[in-house]
Amino acid sequence: MYNFKNDYSEGTHPNILNKLIETNLVQQLGYGEDEYAIQAKDILKNKFNNPQATIHFLSGGTQTNLIVISFLLRPHEAVISAKTGHISANETGAIEATGHKVITVETADGKLNPVAIERALQEYALKPHVVKPRMVYISNSTEIGTIYLKKELEDLAACCLSHNLLLFLDGARLGHALMAQDNDLTLADVAKLTDVFYIGGTKNGALLGEAVIFKDPHLAEDFDYVLKQRGAMLAKGRVLAIQFLELFKEDLYFELADHANKMAMKIARTVKFKGFSFLTNSTTNQIFPILPKDMIAKLHENYLFFVWKEIDDDNAAIRLITSWATDEQYVDAFINDLKQL
Amino acid sequence: MYNFKNDYSEGTHPNILNKLIETNLVQQLGYGEDEYAIQAKDILKNKFNNPQATIHFLSGGTQTNLIVISFLLRPHEAVISAKTGHISANETGAIEATGHKVITVETADGKLNPVAIERALQEYALKPHVVKPRMVYISNSTEIGTIYLKKELEDLAACCLSHNLLLFLDGARLGHALMAQDNDLTLADVAKLTDVFYIGGTKNGALLGEAVIFKDPHLAEDFDYVLKQRGAMLAKGRVLAIQFLELFKEDLYFELADHANKMAMKIARTVKFKGFSFLTNSTTNQIFPILPKDMIAKLHENYLFFVWKEIDDDNAAIRLITSWATDEQYVDAFINDLKQL
Amino acid sequence: MYNFKNDYSEGTHPNILNKLIETNLVQQLGYGEDEYAIQAKDILKNKFNNPQATIHFLSGGTQTNLIVISFLLRPHEAVISAKTGHISANETGAIEATGHKVITVETADGKLNPVAIERALQEYALKPHVVKPRMVYISNSTEIGTIYLKKELEDLAACCLSHNLLLFLDGARLGHALMAQDNDLTLADVAKLTDVFYIGGTKNGALLGEAVIFKDPHLAEDFDYVLKQRGAMLAKGRVLAIQFLELFKEDLYFELADHANKMAMKIARTVKFKGFSFLTNSTTNQIFPILPKDMIAKLHENYLFFVWKEIDDDNAAIRLITSWATDEQYVDAFINDLKQL
Amino acid sequence: MYNFKNDYSEGTHPNILNKLIETNLVQQLGYGEDEYAIQAKDILKNKFNNPQATIHFLSGGTQTNLIVISFLLRPHEAVISAKTGHISANETGAIEATGHKVITVETADGKLNPVAIERALQEYALKPHVVKPRMVYISNSTEIGTIYLKKELEDLAACCLSHNLLLFLDGARLGHALMAQDNDLTLADVAKLTDVFYIGGTKNGALLGEAVIFKDPHLAEDFDYVLKQRGAMLAKGRVLAIQFLELFKEDLYFELADHANKMAMKIARTVKFKGFSFLTNSTTNQIFPILPKDMIAKLHENYLFFVWKEIDDDNAAIRLITSWATDEQYVDAFINDLKQL
């Protein structure tokens, strides 16, 4: 059985393992003050040309989302998210558990835009009987595989600025977004257009780890307190720093995402060729083909994947995820099986 | 400069690195459902003979403390801790951030006992104008290096039972406690006498990780929800499971703690021999010698350690911590330097 | 200008004022232990024949909602509400501020039913990545003036029981529901079919006050702690108890609600007679006529009320609320103005 | 039995009842936007000469403390309080329930001073492993009847300013403090020297109500959101406003406090005359005489009061509280009984 369920089925890229081995017995300060953290942060700042940025390394996406959001909001403030957004759909009420409402917006493609934002603002206007929207949360790529184009992100950033909303980008799969064939955003664009964003390691080759970047250091002041308070400050912070050091000292991060995307697109081409359609218009490493249920049953004999949504009595959308570690040989096998069904 | 500041200055035991390498590309389910987790849990349950126990792997001590405590307490309930307890002194109000008061008790030796518990209960008796004590939190070894003897833990457990208090043991340094020369507790005793406890990996050879054990599975029901909600559920849970698999498949965990203790005791003997005293009566890997300040200044030329507490104008207590990775050659060098000062 | 904006524009029924005067200098114990509280609770328990019930008096609806819900839910549990429910639409994220997600359901009439509940349960099934639904919150009468019939509440109660969900009824306007012309529920039915509900005083003649009733005293255990903790325990609890003593020692509560309903229905008949329709099918003291905008503008010259929703370019729905204190003379004047427009 | 247990055993001053009757059927806007609120705020601002101040009316002390503190602190920030402070000793962990640690300081007289503050700052200096002190909470008069002199409050304010700490004064019994025979503070001084304080109504003649005053309106921005969110915004806000309108339109508030103090001091003189001492040096309406236990038993036959603290086998301190409503005839009776014992 080959697993297309997610992009965290394997361990980590060998470069990271090697660096862990190489540095293993070098004594370092704890709690994120190790020298690898300093190096990794310098490399990242160079990548997006902002020496002022404040960077912290956390362990996972839910942890990062809940800490960033609860750190930046006052008690009566809320965050706007697409209904499909990870903080709305997949995090066991993690944001609400910190005291904040998630205002959800229905979308066709998992993406927010100024029209949707302004509609939400109107719905939450009756001060003080409703929460005060203060942040916009987006994911790139989104939870359904779509991406933001540069113009879309610029418009959203302008909308946020004009309404005094902070823009927070969840980059759990940022690599896949930036390496998509139709992408026109750069890492530097993301760093410039958002107030805070993170670069996901876990889903793109790291053992664990997300790198949070605050554009303006004033916004990040005292962030280390809440890292500790929420249980996110690892004693051996070196483990997190080494992930990003290896992923970004060259362009490994982007190469890994590119591989994942290519594997998904290879399958997608066959799906299209066979005349099937997709639930969403993904150009990244998650695709949602709509297939006959008997074909799905056949594929399930050799592959693990989620059945995402029933379409009608005979058809359903499945979710296939590829990753940095996906073996092309199994992709080809899957394609062959698909062709023969 | 050799670092005696803490027991997390190095990476991890080579066995763990090797297992990470060996299993790296084996596909596994995410979120703690990997096969290494199943194996590690079985091994642990055997170690303390409780097949009913519910075990979860978390990343660090503060995270574990805040999740266990907020999971088990209702909104108006509080936890009793020694003032030196980690949740009181070192976790940036992590417990209060989940809504719960930490009732602190002054102690001479960092340990709680029935008399102290009952005094706290009397102080918090004026229902409903004060919080309701519902849990007792202890650390073994404590934050100042002392340990609980079997009789002490039995008495505490009986006291908790009679007052309907849950007993929670922070075992961030449980290995060091159980391997102390004067210890008479076993891992099975700890598992039997407490309602919930954890075995610390981070400070005893793991890259990261704490294993939480609930004696009664009913008490642990729904715990996975809060793991996710608090951002503690790693996508690649395998990383945590592998730590405990390697540490416990043989007795590596205990051997590592034993080494750490021996290194500290070796230094302690010289301190005593030289006629100096200690701030606390430690038999584990943290010692607090009281030394003349000029001697401390000299030692600081070659060694990193904390000055813990000023004693008088001329003397101060320092904290020296040894670990599984402490190199005996530097211990000997330190001893030599101490002898010659 | 006569005010039809809400049902709390005036002070309180004279009987309550008189009782406040009569008892003013009688010394009483504080914090809800006064003798008026004992009397009022006994009267209420008799009204719905449950001597076991546990009753507490709070100050307002939002306070009651947030305390009851956060008291009964564990950290990972959530409450299901209609999207129009007060806790979803009008309480500034009060429930989320206590750490709990409000799962919202779109409804046509402001009411929940088993189909809607089961759909929500399906949407929140992917344990542990989503919150665990544990409570159903309904309002009777609803925020848009509709009421639950006995069969509807019985079905909902059975649904909750079968899914291990607590049923909580917000009775801020319970009097108006029970006195509606088409109502077939009794106070005793409500007390029997719900796990916890409250009788609203503020919107039906009290100066302030809501009476919370737990059917099963075990469910209410320790509730006084959270009353104090959330700032809801008045030192002079007598003020709250006297409201309910006067409202329920005879049937004043129901008489006042009946008056409010009759005033609204009197206006509603004219609206219908004039050929206009309504946004919702209300039989209680809140009505939502859809009127031409120029007619609304004219009415606004002499009456205060909210324009609730734009229907099209020419028409809008307005909200008119009557109360125990509504002067029939102004109702008649409004009707006359309506007839002449 | 006459009750000396507290200062909230009776209802309210007749002027307030009369105003409630007089205004009862005048229609007003809800949620604190009534005209009595406007009037009461204007009167208060004049009393302390700060037209910029922002004023809100809340129901009780615990509610006010928890809302003000959680509104002003960020998640990692804490408040410093005397161990005897109401937020530390009597509010069921209300502050912790909003996520914030209360740093407690032992005091001899219930009062904080710069030395104590600076010691606390030193104890909480190890950023980011401890919370960040950001506010100082004091009560005047204190929970044990003592008061702050002008010089003491000035020194504390200067200390807070130099350490970037907000100064918050709990004035649940502010009237009694300002009318104490040895007091040299004015209401205007308090309004000038603190960042935020409140004037307690409940314990000085109001039915309920505390008036919170923010010196700087920027600090109070969005405060109405949290009032609503925490359940403190009464629909009939007029009830609260009328209390302060009547208490402050003349100097009723001060006259009532003066009466309470005089009644306590009258008893205190007899206690001293009889050769007994006091647990605290109170000049306000709470006194703590130390009496032989058999005398206490005798007094308990006719009077209700708390036995506060055992002093030795034969003696205990009791707490006697007088109020605006205390009948001098019972004070004289108590004095007579005391003289004859």
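Of note:
First chain written, first letter: the chains are A, B, C and D, and each begins at residue 1.
Note that a contact is a pair of C-beta atoms (placed from the backbone, for glycine too) under 8 Å apart; a residue touches a chain by one contact, two chains touch by 3 or more.
Given the structure is predicted, the values throughout are model-derived calculations rather than measurements.
Chain centres here are means of the Cα atoms, and by that rule the chain farthest away from chain B is C. With centres set at the average Cα position, the gap from chain C to chain D is 34 Å. Rounded to whole angstrom units, the spacing between the C-alpha centres of chain B and chain C is 50. With centres set at the average Cα position, the gap from chain A to chain C is 42 Å. Listed for chain D are residues 75-76, 91-93, 97-99, 128-129, 131, 225-226, 228-229, 233, each touching two or more other chains. Taken as a graph of touching chains, this assembly is complete, with every chain in contact with every other. Residues 2-3, 5-6, 8-12, 14, 17, 20-21, 23-30, 59-67, 91-94, 97, 202-203, 207-208, 225-226, 228-236, 238-239, 325 of chain B are the ones that touch chain A when the two sit in their complex. Here chain B touches chain C in the complex through residues 70-71, 74-76, 98-99, 127-129, 131-132, 222, 224-229, 233, going by the rule given at the top. In the complex of the two chains, the chain B residues touching chain D come out as 75-76, 78, 89-93, 96-101, 128-131.
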